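Sharing a structure with you now.
Naming follows writing order (A, B, C and D), and every chain is counted from residue 1.
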Amino acid sequence: MVDYLISKYNYWVYIFLMMLGFYAMMGKRNLVKKLIGMNIFQTAIILYYISIGVKKGGTLPIFMETAPRAADYINPLPHVLMLTAIVVAVSTTGVALAVLLMIYRRYKTLEENEILKSIR
Amino acid sequence: MNTMQPQAVILIVLIPLMSSYAIPLLGWRWKGSAYFIALIAIGASSVCSLLLLWTVLKQGTIHYHLGGWLPPWGIEYVIDPLNGFMGVVVCGISFLVTLSSKESVEKELPEKKVRFYAIYLLLFTGLMGIVVTGDVFNLYVFLEIASLTAYALIAIGEDGAPLASFNYIIMGTIGACFYLLGVGYLYIVTGSLNIADLAKLLPPLYHSKVVLIALAFFLIGTAIKMGLFPLHVWLPDAYTYAPSAVSSFIAPLMTKVMAYILIRVMFTVFQPSYSIEVIPLTVILSWVAAVAIIVGSIMALAQRDLKRMLAYSSVSQIGYIVLGVGLANKMGLLGAYLHILNHAFMKGCLFLVAGALMYRTGMRNIFQLGMIHRKMPFTMGALVIGALSMIGIPPTAGFFSKWYLILGSIEAQNWVFVAVILASSLLNALYFFRVIENAYFEVSRGHPEGEALIEPNREEVPLSMLIPILVLAAGILLLGLFNERIISGILIFALPPGF
Amino acid sequence: MKILAFFVALLTGGLLIYGVGDMPGWGDPNSPPSLHVSPRYIEKTMEETDTPDMVTSVLADYRGYDTLGETTVIFTAGIACLLLLRRDNQ
Amino acid sequence: MIIEYENVIIKTICRLLIPFIQLFAIYVIMHGHYSPGGGFQGGVILGASFILLVIAYGLEESRRRISLKALTIYACVGLFIYSGIGALCLLMGANYLDYGILPLPLSSIATIRAMGILGIEIGVGIGVMAIMICIFVGIASYETGGENG
């Protein structure tokens, strides 16, 4: 049991982080906190992908010898995919911040409760 | 096959992509050019997509290897009849909607034209990229392009638009991240990202829990993105507050493309037998869809804002498409495909009419429309055709897709769904006749909001707005008349193997 | 609201933990991702692209189209920020 | 709103640091073939150097040096370099982004591909730099009104 838990510890960490972010996105009433939750959520998925790529005994994926064997280098593909996901996360955050600024200019607050109150 | 036809596969995405880079460059000098660049790019893309559909139907599936790398290593574009059909639908509707956007953008967003069209074209690029790709991760990238542009376009609307857009950002990101997680779960058990390769590698792994969870997350992710009933909360606000050029673009297309992703994942990445037999997934989906149809219609009945009513009606119509997918038999699936096409036409037409009303009178409350048919007779005629089609009156297109869905329900021996479809047609009739009544007859009698606000002089919208509306309305009638030919000529080939 | 959010998060986490059962352990050199597609990237990178950094060769060549999409995503974000916060002529 | 502080130390240190940061950024872009790095990372560092300039000198002062219009053009040009290299392959008769077909006087197809990669990394670098500054300046200079504006 302990061996099982230890051999898959990367998954436990990512699931915990992801649910932390997920809870913040849904449960928090402050819009900036939701945005921070969203960032944690996306980062957790990045952590998951990166941990797929690891191979025990593998080194970083930069070619060094004359006859490379696949087992000697960690898997580069998840790193590439996650470069894309990081850029997507940055872009989403940028657009969300811009939208938050518009919300703030309109309602002068970023608390969801107060905004909903002022709409009614 | 000559060399030019395969290159059309990439041009379908490349032309709008490169044009969207050109818009800020040229728009810096000539502000008026943005609209024409967007229109020409979408037009060129439409020509390519028609060419592709024709080629696919004649010669079978087209594969295009980007960068010259073979599929499991590189990215490939795959065009099969389903893809080709979706591409033509997206291109055709986008072209008409873009054509009509000029005047309303001039009026609503005069100072943001250039960047608006750059983002608008990128949204089109994202949708086309989703449709033509044959790689699950590439699909995610284009999904994010389409989502980001949609967030931005919705946020520049009126009143509550930024808040609606922020809710959409939160929900949409959850959806997209769930999709990404599904990709990651499939990747960890197969090591591949190519759809054809995944379809080959997955069957021996169907007992695995990872594959089951992957499918679950794919479904939840796409369901959020397309606004299926319990997860639709972002949709009505977003469609209501968006600028009218945007809502008439996003409403017909965004949810349809997401429904396409759902079909693609359920029937191509996974074999139909897995989605149907191994887990009772399709049963769950069709029951959720049935609830969505009824709830969406009832919520639409409670609205007095035309755009919001149409948005809730979208929730219910998405239910039809998912119901057809969930029935998972030949008739049901044909009904879903046909409804994707028909609903794109109907919603495009109705949202354009709503935009035209906003443009000419500035009104959206359906109780204030009294006698507006004298002012805008052609627009209102289109509204009536669209509404009749939504209800499902025989010569219009909407009847036939509902007909196939009912046939599918009967084939599945499920009489509840037949009742649901009939009941929702009744509810559709209720809320659309309310609009028609207000538009054609005396000011709604005794209603507190019904005032005679319309001067009865004839004042149609400009031709650039009227022509797309009339073309879409005529399209609804033509689709109804030629539905048999569309099904036997195109859609029958788009069914997954084994149907 | 918070309690609902907590339970939804718990439920999703439970689903994810259920799925972990069949996954390969951390750093397993025989996991499917290590065996199926990626060996070619590692073994052929010098031969086919003359680029020692495999991440770069996959990013910009084997899956170069993804990178174009990714650059477009960030371009979209930039133009979207300007669209939201500024007028055209500013 | 970022305003200018009359602090000689900050300004001098920034003026000294920024060229080195930019040099490092260009190194990261160009050395992407041999070490971790590439267009995105280098572009972000390059953008950060300009953002440092904005923070140290205030928005008003830096707006004289960097205009949003120019940044938009840089972003478009960067992306045109990328998609243009791909489209050039298309015009030469190969598939999109198939760099091997490019007419470069090099010994092997692999080396030509490496040059293609370098080309698109430069495009990405320029584009990402411009967009990063765009997002920062756009968000920082937005007037939200009220006393917090």
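Convention: a contact is a pair of C-beta atoms (placed from the backbone, for glycine too) under 8 Å apart; a residue touches a chain by one contact, two chains touch by 3 or more.
The shown structure was predicted, so the numbers you read here are calculated from the model rather than taken from an experiment.
Common neighbours of chain A and chain B under the contact definition above: C, D. The chain occupying the central position, as judged from C-alpha centroids, is B. Just to note, of C-D and A-D, the chains joined by more C-beta pairs in contact are C-D.
Centroids built from CA atoms put chain D at 22 Å from chain C. Inter-chain centre distance (chain A to chain D, centres taken as mean C-alpha positions): 24 Å. Rounded to a whole number, the gap between the C-alpha centres of chain A and chain C is 10 angstrom. Mean C-alpha positions place chain B and chain D at a centre distance of 36 Å.
Multi-chain contact residues of chain C (touching two or more other chains) are listed as 16, 23, 31, 33-35, 37-38, 41, 46, 52-53, 55, 59, 61, 63-82, 84-85. For chain A, the set of residues touching two or more other chains reads 22, 52, 62, 78, 81, 83-84, 87-88, 91-92, 94-95, 98-99, 101-102. Multi-chain contact residues of chain B (touching two or more other chains): 17, 21, 24, 66-67, 137, 141, 144, 148, 151-152, 155, 187-188. Shown here, the protein chains touch in all possible pairs. The part of chain A that touches chain B in the complex is made up of residues 22, 25, 31, 34, 38, 41-42, 45, 48-49, 52, 78, 81, 84-85, 88, 91-92, 95-96, 98-100, 102-103, 106-107, 115, 119. Touching chain B in their complex are the following residues of chain D: 69, 72-73, 75-77, 79-80, 83, 86-87, 90, 93-100. Chain contact summary for the complex, chain B toward chain A: residues 137, 141, 144, 148, 151-152, 155, 160, 162-163, 165-166, 169-170, 173-174, 177, 180-181, 184, 187-188.
Those residues of chain D that touch chain A in the shared complex are 34-36, 40, 135, 138-139, 142-146. On chain B, the positions that touch chain C within their shared complex are 17, 21, 24, 27, 31, 66-67, 69, 72-75, 111-116, 118-119, 122, 125, 129, 137-138, 141-142, 144-145, 148-149, 151-152, 155-156, 185, 187-193, 201, 208-210, 212-214, 216.
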